[in-house]
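Look at the two complexes coming up: chain A is in both, with chain B in one and chain C in the other.
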Partner chain A sequence: MAGRIKIRAQKKGEMTEVKALMRHPMETGMRKDQAGESIPAHFITDVAVLHGDQTVMQAHWGAAVSANPFLGVRFQGGQAGDAVRVVWTDNQGGTGEGETTIR
Partner chain B sequence: MITRWCLLWLAFPAWADEGVFDQYRDLMGDDNPAIFVIDEGEEFWYQSQGPSGATLEACDLGLGAGVTRGAYAQFPRYFADTDRVMDIETRLIHCMETLQGRDRTVTAAKPYSLRGDFGTELEALVTWLAAESEGVVIAPEQGHLKERAMYALGEEIFFYRAGPHDFSCATCHEQSDKRIRLQQLPNLTDHHDAADAYGSWPAYRMSQGLVRTMGWRLQDCFRQQRWPGLTFGSEVSIALQTYMAVNAAGGIMTAPGLKR
Partner chain C sequence: MNKTEKGRVSRRRLLNWVALLSTAVALPARAWAAVTRPDTAFGATALDQALMALGETPTRHEGVIFTTPDIAENGAVVPIRVEVDQTVLPNVSKVYVLVEMNPNPLAAVFDIASGTEVYIETRVKVAQTGDLYAVVESDGQLFMASRETKVTLGGCGG
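Our next item is the complex of A and B:
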């Protein structure tokens, strides 16, 4: 189920507002399950927002980010109809990707 | 900006925390992570499973086989085929057994996520079905004798004091405008509070990163009262849901909600 991203991009004046909600457990590695066993760390380490081929935002994330994280970004230069992508990779090698067009 | 702050303040005079939390909900807008769980629930509904390899599409949730729109809002209700009043969770387990041939000791063994889980099939299905009732009037059936008996039993349990702290559900939920620490407590004997509370479950709990169902919420209430664990799908669980649903009748389903 992980890997999904709900993404919206809307032009507001000069700026394009991107909102992305990612499906990810974001396990810190510090929690224990009901049986007392450690739950393995599983969290997003790298996130990027791309406008066409151009990276407009890049971030390193860690275990402190909540489960199912929500990302809001604004950037300049977007036009209605342009493609916006959000991609992530996690510490277990998993990836997620979502794409939308600017409204 | 100042005006907006004042309006928020007026809307929530008693609990500053709820005002701030309402702002948070505004910021999140439609971005309730429950939307993922809704999608997953819909996929489970149409997924062939079990020895019969069937989907749940023929499942009768009270409005006829396969009718999902508005079905949630009329639970709990009496089903002639089982001669029982059922909540939506036990009805789904019943459908998994009768349609898909899945063993209920397996499907009902772990209905709710434990720590480290990322949602269960039942949680997803209930979330999707609740979303299929969004905006629908809460109207639990009370025509059958067993349905009315279920309500009466629920009312009795609601006010029944027990356990090491001599708690009842009513201890926390029969007065208006009360809170425990910073949590606003709904008065479940009051129609408006009951409708707001009942209509907003299942809900995404941010503190847990999971969607929780009404059945889970009741189990947690029992834990908080230091009562013996509430058995999933038991008469007690369904009775309390019936009590709440009937008190909430006429309200609007807003689930899946977004909670702390």
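Our next item is the complex of A and C:
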């Protein structure tokens, strides 16, 4: 299940601001469905933000990050037109990726 | 003799192939390579346990700017922001976000590339009213800021 990511990167003075919205249920594994069966944990465990081929931020997440996670980060530098990429993997082996250019 | 010679060559060739293949596999994975997941801290079920797993007890520091809502109507989606004033707290390499009242307090860890801004926005689940903590690592030391968020509707309900 490869998820798409809505992503925007905007130059703000010396910095670049990246905003990304991922589609993911972020199930904790502690909830039960209507039949009382527990819903298996399913959440994003790793996220990285790349500027060109450089990792500017890398994160490990637990199940406490909200469903359909939002991530905003800022990094120094970046020029209009540069590629910015956000990638994730989840605990079930799923991956997601989104790419944009700085404007 | 000839046979052994042949065997050796093909084994070397095989090894070369393996080496080549593993480089090819390692390349896309490079983004993850730098930091390992702090499993003990993620598995902790109480705040002090989680903090202990991170190392020393963090000291409060005004350079950690932590923004959370005073009241969250929906605990499942609580927007938070962590910034660091680098003029008073430089060299921050990690940001941890912890939620006191959650079954597993550690929610997320962010590794920040050196020489860049420390600015992170995300949304977390908060089970019930309690303190939220932003802990940052700077030169191997831990500093923090905490804020109470009142939750009207819990984040772990069905």
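By definition in this document, the second predicted complex is superposed on the first by the 101 of 103 C-alpha atoms of A that agree within 3 Å, B and C clash if a C-alpha of one lies under 4 Å from a C-alpha of the other, contacts with A are read in each partner's own complex, and residues count from 1 in each chain.
Rule of thumb we're sticking to: a contact is a pair of C-beta atoms (placed from the backbone, for glycine too) under 8 Å apart; a residue touches a chain by one contact, two chains touch by 3 or more.
Please read all numbers here as calculations on a predicted model, not as lab measurements.
By the touch criterion stated above, A:21 is placed in contact with chain B alone, chain C being left untouched. By the touch criterion stated above, A:46 is placed in contact with chain C alone, chain B being left untouched. Of the two partner chains placed by superposition, A:82 touches none, neither chain B nor chain C. Once the two complexes are laid over each other on the shared chain, residue contacts for A:97 go to neither chain B nor chain C. Of the two partner chains, both chain B and chain C are touched by A:70.
Of the two partner chains placed around the shared chain by superposition, chain B and chain C are both touched by A:32.
Contact with chain B, but none with chain C, is seen for A:4 once the two complexes are overlaid on the shared chain.
Touching more residues of chain A than its counterpart among chain B and chain C is C. Across the two superposed structures, the residue set of chain A contacted by chain B and also by chain C is 19, 31-32, 66-67, 70. Per the touch definition, chain A reaches chain B in the complex via residues 1-2, 4, 6, 19, 21, 23, 25-27, 31-34, 39, 66-68, 70. Against chain C, in their complex, chain A makes its touches with residues 15, 17, 19, 28, 30-32, 45-46, 48, 50, 54-67, 69-77, 87, 89. By the touch criterion given at the top, residues 28, 31, 33, 35-36, 39-40, 114-116, 118-119, 206, 209-210 of chain B touch chain A in their complex. Residues of chain C touching chain A in their complex: 30-32, 34-35, 37-38, 42, 76-79, 81, 99, 102-104, 106-113, 115-117, 119-125, 155-156, 158.
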